[in-house]
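Here the chain labels run A, B, C, D, E and F in written order, and each chain numbers its own residues starting at 1.
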């Protein structure tokens, strides 16, 4: 293939950035979910959760 | 409103920073560039208008970030926000005062710089004219940044980053109008008219957006 | 004293992003330049070092005038003046913090800009080196202006007259050292050594003069 | 609960963050699957179709470059729409949407810049020229970064959102500049051949993979955007609960 | 003529500071806000002045002709913690600027700058730069600002901070005069202001530190 | 240990504000400055703190070992009208900075930041940016600054401005505690500070508005 470096470079870079963004978003979500779980465990209940419990 | 204009002019002469700093910065830029391009006078005169325009653009940034921050810090902004006079008008007048205090001196000084840069008379005249018409647009765009800076603890570089990209169209048409006047073959008027249109456009958009930002940042 | 350094760095980071902002600012300036002078790569690479130096000057000047004013406005300056630690040292540390927060990122980012401006490797190296050595001088000179601004609340014009003309020699030697390294025929070392001497000179004179001015603030 | 009076009733299902979360949980797996499928098909097509007689194999770069460039602009458009939501309806979800789109837009802009650069070297013989199209995209990238920095510099999130919204809207002038730069200034860059008023002027051989990749990129963007919005909602929930906890603790103490 | 607030709620950051707050002030009445530090006095004043967006509720002003204004700020003076004066300008320049800027859209006759300076007990030093004054003198001139342009509603945040005894008296007299002319006064304070027959509103702070919309 | 001022005179602009002023404070004593606005209270405090150059006379501090310091500022805390805190930083960061910067050159043990916050009645909100606090809360934290580093002399300019009733009480207690530990306190005020057995100095202002050296 002619110009293989440029073609694969372009695809490679695009894949790299897309993967990095995906991973970052996913890891961020996981961290947030963990924090929420920790808060839940420490006894601070969500208000909405409390009201739905009440119902 | 004239009262506001006069007060801001007075302040820019008395308070720190000072109106002269823009002109001096401008001079510094023009003093340094020849060292970059070397003694090639033809080249110097060719890029002259561009350098003058870039200098004016950068010089306008100095002090712009404090345009509304200073008002917030002493509580004046609160009173301005409360008035019946439309906030847009207040912002417009403050922009005008800032322009008169910092950019107008540059416009007036630009022939001097043109001589330094070995520019022809036409080039000098064209530069001066385009600067006169185009530099208010820079101030108006900058006002948006300044209004945003009110929400920031301190202004500094961030404001310039937000503002500079928006000024690019002004720069493009300002410089190309100048070149059109000097070299041809393209006519001078179309880019010059676009420059005027840009200034008018930002004279509306800038104060409106700045007023919007100010309304939304007060606390 | 490390506490002061850290605090000042934190403050400049709170203004948004910190080092990243400096780099972004520089990138923005470099993106603006070609719109002015046109996309001619040869020309860009020639004026590259000068542009980088001007960018560094502008970045240092933005916000430098508030170096002590901000401290005065919230009363911190009073406490600093009262301490046993010599005021010169306090000023020096504040200058260092300002340099680290605004100029050092530019020094580090300058190779990137060099690439954008199509500069050769030697030119990039030389620019980086001269910036590293010369930019502290700008901060030190600016500190004097900042201190005078505090001492003379109504001396706006004086500050600009004090600061910018003094920075011109620094800029000129910085730029000409870079060109000497790139093009010859003049040797690199003499202007570079002068640049170093200037920095050392202002590293002493700047804080001493600033401390003197601060001690004599009107109230 | 605050009556965030939403003028558009159609959106009112999304108006409530809790409902948004429920919806996101339901559709995210499907969107992720769809994205993956599109990428598989798109990548297959882009490596099996023929090369261009003029551009050779490098034409394959188009299949990432062009979608990324479109998404870079679309990301900003989404931010602008959210900004309108923030300023007009003061809707908290619009704040979150604008904030979440910025890093994604920046990432896609970066892809467009770098792949364009990688295409430019073989086609134009240089990595970078300061032509209007390229520079305006570069400016877009800087604007994304500036907005991210601005958002981080203001720590009251709703204030940050409102301030950013104003700037986002002012910065929108750059989008038409990008789009029409090739027509307004004669530059090196290709002029529009797909998104034209008179229909695409491009060989279907190239159009097919391009469109599939474009759909794949869009799906990826939307998936990530929804995920990022969800993360941001969670982040604010955590902050709100932390504050509540601190307040309760100090009241007991 | 009256000022009415109905069911006000305000947020600071993400916390609801107060909720369901209502009051009504007729012409000549005064409302004094008290409460401990951080209880939301300044917040309420800023909401009334229109400087902070309320979360719920409304504030409105009905003038003597029966017209209702939604934006109370426009017919109010606001004296906050900061004096809104430039220390680089002289007192006279400062006052002159505010006199022109605030205008006198409401037809009532107002006093000149010298008279205002005399009213706050500081005639003869209006030629000094504002920054050269002592804290109490600065506060007095900030107060003089209220006299040079007429506004029916005065919103004052700790107006007597930094004032000496005679300043307190002077302040009380000026406020009484304003009330006699039919003005309305809202003031937050920690010290007795010496206003006769003023209503008092005790702020409690933190109506509700809930997680807000994010739940 | 004592603080002594002898025959002080100070000038503001061209005016002599006071002249021939002397006082002597032993360990544990307090001096309260009163007087009307512009009478020179802040000026005197700034002279004692070394922030303003006196025209005549001297201020000196003699420590418990009998050594005399000419620069009283170095062994003093100064709490002026402004709080010397950065609104961008959190309270904890602000206090931490001042703790390190002020150092604790005088060997006495001091309290931690949390303890200081508790002492001023505001534990639990040290993580907030200083700018997000109400005026009184800011003043309280400015006061907490005096507790985190030991200084034998406290120079306070209207310390209770913006404080509520409980704040006033708290302030009086903290000052009493400092005096019990042998500290010296100078305070300018318009309101009673509730300090027991404090000396009072009434400032008169404008000792002599003469043409000074030009005659």
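Here is the rule we use: a residue touches a chain if its C-beta (ideal position, glycine included) is under 8 Å from a C-beta of that chain, and two chains touch if they have at least 3 such contacts.
In this text, all values refer to a predicted model and were calculated from it rather than measured experimentally.
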Fitting chain B to chain C on CA atoms, where both chains share a sequence, rotation angle to nearest 5 degrees: 175
By number of C-beta contact pairs, the top two chains: B-C
Between chain A and chain E, centroid-to-centroid distance (C-alpha), Å: 49
Euclidean distance of C-alpha centroids - chain C vs chain F, Å: 37
Euclidean distance of C-alpha centroids - chain C vs chain E, Å: 44
Shared interface positions of chain E, touching two or more other chains: 12-13, 81, 87-88, 210-211, 215
Set of chain A residues in contact with two or more other chains: 46, 48
Overlap residues in chain D, where contacts from two or more other chains coincide: 18, 135, 139, 142, 145-146, 149-150, 153, 156, 237, 241, 244
List of chain F residues in touch with chain C within their complex: 12, 46, 49-52, 73-74, 76, 78, 80-89, 93, 96-98, 100-103, 105
In the complex, chain B residues that touch chain F: 153-154
Partner chain D, residues of chain E touching it in the complex: 13-15, 55-56, 206, 209-215
Interfacial residue positions of chain C with respect to chain D in the complex: 14-17, 20-21, 24, 27-28, 31, 34-35, 39, 41, 44, 116
Parts of chain D lying in touch with chain A, wherever the complex brings them together: 18, 56-58, 60-61, 64-65, 68, 103-104, 107, 110-111, 114-115, 118-119, 121-122, 220, 224, 227-228, 230-231, 234-235, 237-238, 241-242, 244-245
